[in-house]
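One chain, subunit A, appears in both complexes that follow, with subunit B as partner in the first and subunit C in the second.
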Partner chain A sequence: MTGPLYIAGLAVAFAGILVAFYAIMRESDDFHRILLTDLAEILALVLIALVATDLAEALILPGLVVGISELMAVSEVYLVKEGLFRPQYPPLSIEVMDTAPAILTLALVAYGIVLSGFTGGAVAGVGAVFYMMCRGHDERFAVIEAASGYAWALWIAAFFIFMVAPQYWLFAVMTAGGALLLKVAGKMSLVGTMRGGSNE
Partner chain B sequence: MNAEFLLGMALLAIGVVAVAFPRDRRYLTRLISLEIPAFGLLLIMLSYDETIALLTFIAVTAIATFVLTRVLERRGEA
Partner chain C sequence: MNSLPADIGGPGLYAVEFGDIVNYFTPYTAVLFVFALVFTALAIASRPERQVDIIFGGDGYYTKDIEPAKLGFQRFMAIACGLATLGAVVSGDVFNFTLFTSMVGITNIGIVAAYTNRHVLNAAFQYGIVAMIATVPLFGGAAIILATTGTLSMWELFGPAIAVPLIAKAFLILGVMGEGMAPFYVAKAEITRAPGAPYVLMIHVSSLLLFLRVTEIVLSM
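What follows is the complex of A and B.
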C-alpha cells in the first residue's frame, strides 16, 4: 500500500482534483457544473480506492449511494429552477426498445432472484428500470411502497431470528436476502418512472 | 496488478483533462467524456480486487447517466 505506486497514484488523484475544481470555478453554466461535480465525485472515489483494503470497499459503497441520491436531488432542483417540466424532443423510436424489454427483463429478474440480497435487488431493479423506460408504465406507487414496507419488516424480523433463535440462521438469511431483494428492486424500479408518464 | 493500475491512472489523468477542458463545450460531449475517468477508476478498483465496489459503481454509473440524460432531454442542447 505504501509503495512508490501509491504515492504516484495519490499525486495523480490530487492533481485531478485541483484541475476539476478549477474547471468548476471557471464554469458559469449550471448544468456544466453538475457534470463537473460528477467528475469530482469520481476523483474522490479514486482517493478512497487507493486505500486498497476492505475499509476502502466499506467506504466506497455509502459514498456511491450518497453520490447518486445527491445527483438526483440536484438535477431535480435544477429542473424546477429552470422550469423544465416536459421533454423538448419527441421520444426516440428505436426498434430494439420495442422487442427486447420483455425477454431481457425476464432474464435480469430471474438472475436477480437467484443472486438475492442487495446485489440481486440491484440486478432485478435494473431489469425493471429498463422495462419501464422502454414500455412506459402505469403502476400505482402505493403498491410499490407497501411491498417495500413489508420487505423492511421482514428484514427486521430476520434479524430478530438471528438474535433469538440462532439455530434457524439459514431461514433468517433467506428471509433477509429475499426481503432486501424486494426492497432494492422496488426502489430502483421507481427510477424507471422518472421519465414521466400517466402518473406525472 | 501494476499494468492495470498504471493504465487506470493514465485513463484517469486523460479523462480529467478531457472533461475539464473539452474541445467543444456541449453537454453531450462532456457526458460521454465522463466515461473515461470512470473507466480509469474501474481499472484501479480492479487492480486492488475491490469487487463489490466495482460492481456497485457500474450500476450507479448507469443510473447517473440516466438521470443526467433526463435533464439533458428537457434542457435541450446548448
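What follows is the complex of A and C.
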C-alpha cells in the first residue's frame, strides 16, 4: 500500500508536527496556545489525507468535526476563565443594508431552489443570512427549527423510498433535494441571527 | 469475518454487525462494558455530593454552594461520557475507537467546565489543550494503520497475516493517553476540586477503561 511518495509525505507531516509541538511548548500565552493547537490539529487531518483513498475522504470529516468541537469547548472554557464577555457594538449601518436585502435575498433563494440539495440550501441560506443580518430578526427560532425538523424527516423518508421502492427514485431524489435545501437553508439562516441582542 | 478474533481478550462472545462496522464482545471487553454501564447508571441515578470545607485551626466549616443548573449540565456530560466509553470498549473498528475516545475527551472537559472556580477552569483549560493536541497522534495512528495495512477492522488487524507498524501503535497509545489519561498527570488534583462526586468520578472511570481497551488493541495487533 505504501509507496515512496507516502513515506515522503509522512516525513513532511512529521516535520510539521514537530514544528507545531515545539511552538506550543514555547508559547506561554493561553490564547495563542489555543490557536497553535488548532493548527496542530490540521496536521492530524494531513496524516489522514495522506491515505489518499475515498475512505480517507470519509474519515477527514469526522476528524474535522471532533477537532472543531474540542476547539469550541476549550474556547468557551477560556472565555469563562478569563472573564471575557462579548463587547456590545452599535449595529452596523451602511446604505446597501437598507436597500439591497429584499432583492438580493429573493435572487439567492430562487437560485438556491433551482440548484436544490446541499448546494442550493447553502445558497438560499446565504440569502436568508444576509436578510436577517440587515433587517434584524424577531424570535422565530422555533419556526426555523420546526421547518428544519420536518425537512429532516422528509429526507429520511426519501432515503426510505430509495431502499424499499427504488423504482420511484426520481420522486425520492426530488424529496431529498428539497428537504436538504430547507434544512441547510434553515441552519444557515440561524447564523444570520448571531449578532447578540435580546434572544441570547 | 467467519470467526470472532480469539486473542488476549478471550474467545469472542457476541458480535453486532452494522455492515462493515462490527462491534463485538469478548470476556475482556464485556467486563469493561459492564463496568462502564454500572458507572453510567450511577451517574444517572445518584444524587450529588455536598462538599464541606473545614476552616483550618478551628472547628468551623462552610458548605459549598451547589447550583442545580450546573449540576444538570455536569450530569448530562457524565452520562455522555459513559456512553462514549461504552462505545469505545466494544468498537471493532480502529477509527470508531478513536472517535469515541475523542468524544470522551470532549465530555471530560464538559464535566468540569461548568464551574467558575478559577483553579478548576485553569485545569480544565490545560486539559483541553492536551486533549486537542492528542487528536494528532490519535487520528494519525489510525490513518497510518489504514495506509499501511489497508484496513481499519480489528477483526483483520488482530489476525497474524497483518503487521501493524510500531509507530502507529505508539501513536494510538499516545493519543488515548492525551484524551483520556490526561487528568492523571496534568490536572487531576485541580479538576477534582469541582464538586459533584459521581460525575467527576466518570473522568477517571472513562480514562481507566479506555486505557485498558487500547492496551488490548495494541497487544493484539
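General remarks:
Just so we're on the same page, the second predicted complex is superposed on the first by the 135 of 200 C-alpha atoms of A that agree within 3 Å, B and C clash if a C-alpha of one lies under 4 Å from a C-alpha of the other, contacts with A are read in each partner's own complex, and residues count from 1 in each chain.
Going forward, contacts are C-beta pairs under 8 Å (C-beta built on N, C-alpha and C of every residue); 3 or more make two chains touch, one makes a residue touch a chain.
A quick note: this is a predicted structure, and the numbers were derived from the prediction, not measured.
Of the two partner chains placed around the shared chain by superposition, subunit C is the only one that A:Lys81 touches, whereas subunit B remains out of contact. Contacts of A:Val19 after superposition on the shared chain: subunit B is touched, whereas subunit C is not.
Of the two partner chains placed by the overlay, only subunit B lies in contact with A:Leu35; subunit C stays clear of it. In the superposition on chain A, A:Ala56 contacts both subunit B and subunit C. Of the two partner chains placed by superposition, only subunit B is touched by A:Val126; subunit C is not. Set side by side, subunit B and subunit C differ in how many residues of subunit A they touch, and the one touching more is B.
The interface of subunit A with subunit B overlaps its interface with subunit C at residues 13, 20, 34, 38, 43, 45, 50, 56, 67, 71, 78.
Taken in their complex, subunit B has these residues touching subunit A: 2, 5-6, 9, 12-13, 16-17, 19-21, 25, 27, 30-31, 34, 37-38, 40-41, 44-45, 48, 50, 52-53, 55-57, 59-60, 62-64, 66-68, 70-76, 78. Residues of subunit A touching subunit B in their complex: 5, 8-9, 12-13, 15-16, 19-20, 22-23, 29, 31-32, 34-36, 38-39, 42-43, 45-46, 49-50, 52, 56-57, 60-61, 64-65, 67-68, 71-72, 75, 78-79, 82, 84-89, 119, 122, 126, 129, 133, 188, 191, 194-195. Every residue of subunit C that touches subunit A in the complex is listed here, in rising order: 95, 99, 102-103, 105-106, 109-110, 113, 116, 118, 121-122, 124-125, 128-129, 131-133, 135-140, 142-144, 146-150, 152. Listing the residues of subunit A that touch subunit C in their complex gives 1-2, 6, 10, 13, 17, 20-21, 24, 30, 33-34, 37-38, 40-41, 43-45, 47-48, 50-51, 55-56, 59, 62-63, 66-67, 69-71, 73-74, 76-78, 80-81.
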